[in-house]
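Here chain A shows up in two complexes: once beside chain B, once beside chain C.
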Partner chain A sequence: MLPPDIWQSWAEFSEIAKGLGETLSMAFLGTLLGAAIALPLSFLGARNINRLNILRLGVRRGYDFIRAFETLILALIFIRAFGLGPLPGILAIAVSEIGTFAKLFSEAIENTSEKPIEGFRASGGSRLQQIRFGLLPQVNPVILSVLLYNFESNVRSGTILGIVGAGGIGFLLSDRISAYKWDEAWSIIFLIIIMVYVIDYLSGILRKRIIGTWEAAK
Partner chain B sequence: MTAALILNAVSRHFGNTKAVDSVSLSIQPGQFVGVIGRSGAGKSTMLRLINRLIDPTAGSISFGATDITALKGKALRDWRRDCAMIFQQFNLVDRLDVLTNVLIGRLAEHGFASSMAMRFSDAERTMAIQALDRLDMAPKALQRAGTLSGGQQQRVAIARALVQKLRIMLADEPIASLDPGNATRVMEALRSINSEDGLTVLVNLHTLDTARAYCDRIVAMRFGRVMFDGTAAQLTDDVVRDIYGSDGLAEFNEAVTSTSIKAGAHPAPIPA
Partner chain C sequence: MPHTAAFSATPALNGPGAIAAFERDFAIQRRRARINWTIASALFLFLFMATAWLGDFFKVTQVSLPDGSREWRWIIGAGLPRLGEYVEKTLPVLRWDTFGADLAEWFLRWKVWVKLLIETILIAFMATAFGVIGGFLLSFPAARNLSPNKWVLWVSRRYLEIARTVPELVWALIFVFCFSVGPMAGVMAIGLHACGALGKLYSEVNENIDMRPLEGVKAAGGSWFDQIRYGAVPQVLPNIISYTLLRFEINVRSSSIIGYVGAGGLGQEVRTAMSFQEYTDLSALFLIIFAMVGLIDFGSEKLRHRIIGLGERA
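Up next is the complex of A and B:
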């Protein structure tokens, strides 16, 4: 296993770089797609927005149903449907994130204070305006944190998706392990650690820039 | 500009509780009315009924020729804009800056697209700055509302009421969580809205000396009913004891609860 392998030619390394990039883009697209679908669903599942109990509980059981399928299981299903490659990986991440995001977002929405919203209602704001101005500024920081963390988490779980054949660096990693090329495997793991570290660092900066400044009117 | 506000046998029940029990009031344009009473006497509920944050169980409210209780949709939102309301807890959005919090008062005029994009016209922003300036809050315009002190937040809330182009001002215990200096500033702002703009002001108060100092007319509520309706001079100690039902309190001293700086600098010691 030691010392780790250092790739001598670009031709060798480019394959690894492409794998890393693929995992990164799978996680990015999957997280974004999942969040885009989860956001409207999360409003339907929040007690303070959707007052129709039957619909709200129905939507919430829907989230639970989606979360019951682990990302890996979804990947195996999508590989059957779409063949090997990054597409089933993206879909697996997106679908499993719909359940997670919708639950976390709707709880963030429920945890907001009613007071600013009442402030608007009393000055003649419509329901949508109350949500836009009174509620969204309260939940935006939570949504951003959840998105950034889950993106990072999906980069890590994206590796496992590669092992079952859904594209990305995991495929190369499992390939090296099965060929007993431990020095190369270790180098790949090392690169994944660096990638996660960089994402964490960048998301910290992004959070500070976005949450640190306030939402001002244009 | 403003018109008479008339409450005709208005009631609001929550389950078996009669929060407001057939209240009839006629408030003339330009009056400064203080509403006093114990906690839970129905003061807040009455203001909320006027603003239509809650609907009455029975009775009707009218403003000039308009039947407030019958309003729906856009007309209801226009009414809420016309009768601006400020709250004990200020009800600002902490994470938005002061200017945006004031501009929110203009939202009733905005369509879907412009309000979702938080886009306001220059004229509206000028109006908001002028309103803030009137309350000496213009220098804080770009600060987050959550970073301001209570008194400053309440003045921002009043600025928001001003840009709503209000016709009547409702204030629900506006000074209950403020220190004496800020309480005075907020009450002075309400007085200027009343005297300079000639608007009706209806304010819930817990401090009797404030009510006496600022209000033309004092309305006292108990158990959802109007117990007393008159001038400050007519509000004698006996009446006060009736309103607050000070059972067990041998003496009822206004100075003890006072938040005023001028009056009662040395409150009498509470009898042991």
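Up next is the complex of A and C:
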């Protein structure tokens, strides 16, 4: 099992590097797609935007329903429709994030102050302008912070989607384990750990730069 | 940019000079914002295209049309009908007049499933127990304010990080190799992952405690263990119980899928149903997992709110 194998040539390592890149792009695109679909839905679930109680509660149960699906099970279903590769992983992450994002975003929208919105209403802004200039600046930092945090967590969970065949580094890892190439498997595990460290570190810096100052201003 | 325009250092407070200074500063601010926005958009577009290329997002694939001809289509458009087809296949045939018989056919393997359901919950329970023991013991050396020395701190933090960074499913693959197929491997895998995750949460709780009770115990002649036992533990216990219940919910979810790699629980039935193409079994299993996770979440939420006293406040 130990010591871990060290790849001697770029030809051997390029496959691993591509796997790592696929995992990162699965997490990135999955988070992005999930957020793009969840943002409009989140307005439907916020109390201060959607005043129809029945519709709002129905939408909220919808979020809960989506969140109940495991990412891995969604990946299994998407593999049947889209074939092996990173694409089913992207869609699985996106769909399971829709529920999470919509819930968190709608809570952020509910926690905003009414005053800027009233100001825009008083100066004759339409409902859309009130939301765009009065509400969105208040929720942007929260949305960005949630996005970054979920991107980190999706990098972690993206590694396992490969085990069921959805591409990425997990596919190579499970492949090495089933071939009993434990030395290479350990090297891949260490690479995953390093990748997660680097992503956490970078997103920490980004979080401080983008959100740290805004949070102080709030 | 070598020649960045700067804001006026001491703008005039009134008169036409003040307005000119304001206009100048405003223009600088606008230009900076526009430059930043352009750079950020270009970077974002580049990242999007790179990841879309790596992730096959814009791939075109061949599909068979109903008349038998082949055509190139965007992969997502081509896959969506197949997705609908697949979901439709998993729905059971339930007729009103033969409802009981149809239901019995849908849940034909219920005896196996009930056994595996109990196994799933037991795996989650055992794994939570191991995770709590390991995480609790390691959370004190891994807390910056309580660790006896920095080497112990470094080693315990790295151990917890490795334990939680490697996903449960990967630990399960390794432990299935070590301890053979069965719930034992699942318990070890989820337990190790939970130990890492809980150890981090607990140690963060430990870092936020009031240090004065520990000083009191130290002044009375207590050892390090006495300080932890009588100074720290009583402060962190409510938080620890709440995190433990939350982790139990997460562990139930992961133990229901961990069987996919052979580590016990309902996941192995999901794999069997998938490979035997027993589509209706799949929907039955989803329903069972859905109900189980929902019930356990509900119960644990009630318990958590009671423990941290949220029910009384609300």
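Definition applied: the second predicted complex is superposed on the first by the 211 of 218 C-alpha atoms of A that agree within 3 Å, B and C clash if a C-alpha of one lies under 4 Å from a C-alpha of the other, contacts with A are read in each partner's own complex, and residues count from 1 in each chain.
In the analysis below, a contact is a pair of C-beta atoms (placed from the backbone, for glycine too) under 8 Å apart; a residue touches a chain by one contact, two chains touch by 3 or more.
Not measured: the values here are computed from a predicted model.
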{"item": "Most chain A residues touched (candidates chain B, chain C)", "value": "C"}
{"item": "Which of chain B and chain C A:Gln8 touches, first, second, both or neither", "value": "neither"}
{"item": "Touched partner set for A:Ile189, first chain B, second chain C, both or neither", "value": "second"}
{"item": "Touched partner set for A:Glu22, first chain B, second chain C, both or neither", "value": "second"}
{"item": "Touched partner set for A:Asn53, first chain B, second chain C, both or neither", "value": "neither"}
{"item": "Partner chain in contact with A:Arg80 - chain B first, chain C second, else both or neither", "value": "second"}
{"item": "Common interface residues of chain A - those touching chain B in one complex and chain C in the other", "value": "none"}
{"item": "Complex contacts: residues of chain B adjacent to chain A", "value": "51, 53, 77-82, 84-85, 87, 89-97, 99-100, 103-105, 107-108, 110, 112, 115-120, 125, 142, 144, 157, 160-161, 164"}
{"item": "In the complex with chain B, residue positions of chain A that touch it", "value": "115-116, 118-126, 128-129, 132-134, 137-138, 140-141, 214-218"}
{"item": "Complex interface listing, chain C residues touching chain A", "value": "47-48, 50-52, 54-57, 59, 61, 75-76, 79-80, 82-83, 86-87, 161-162, 165-170, 173-174, 177, 253, 256-257, 260-261, 270, 274, 286, 289-290, 293-294"}
{"item": "Partner chain C, residues of chain A touching it in the complex", "value": "18, 21-22, 24-26, 28-29, 32, 68, 70, 72-73, 76-78, 80-83, 85-87, 89-91, 156-157, 159-160, 163-164, 167, 170, 173-174, 177, 189, 192-193, 196-197"}
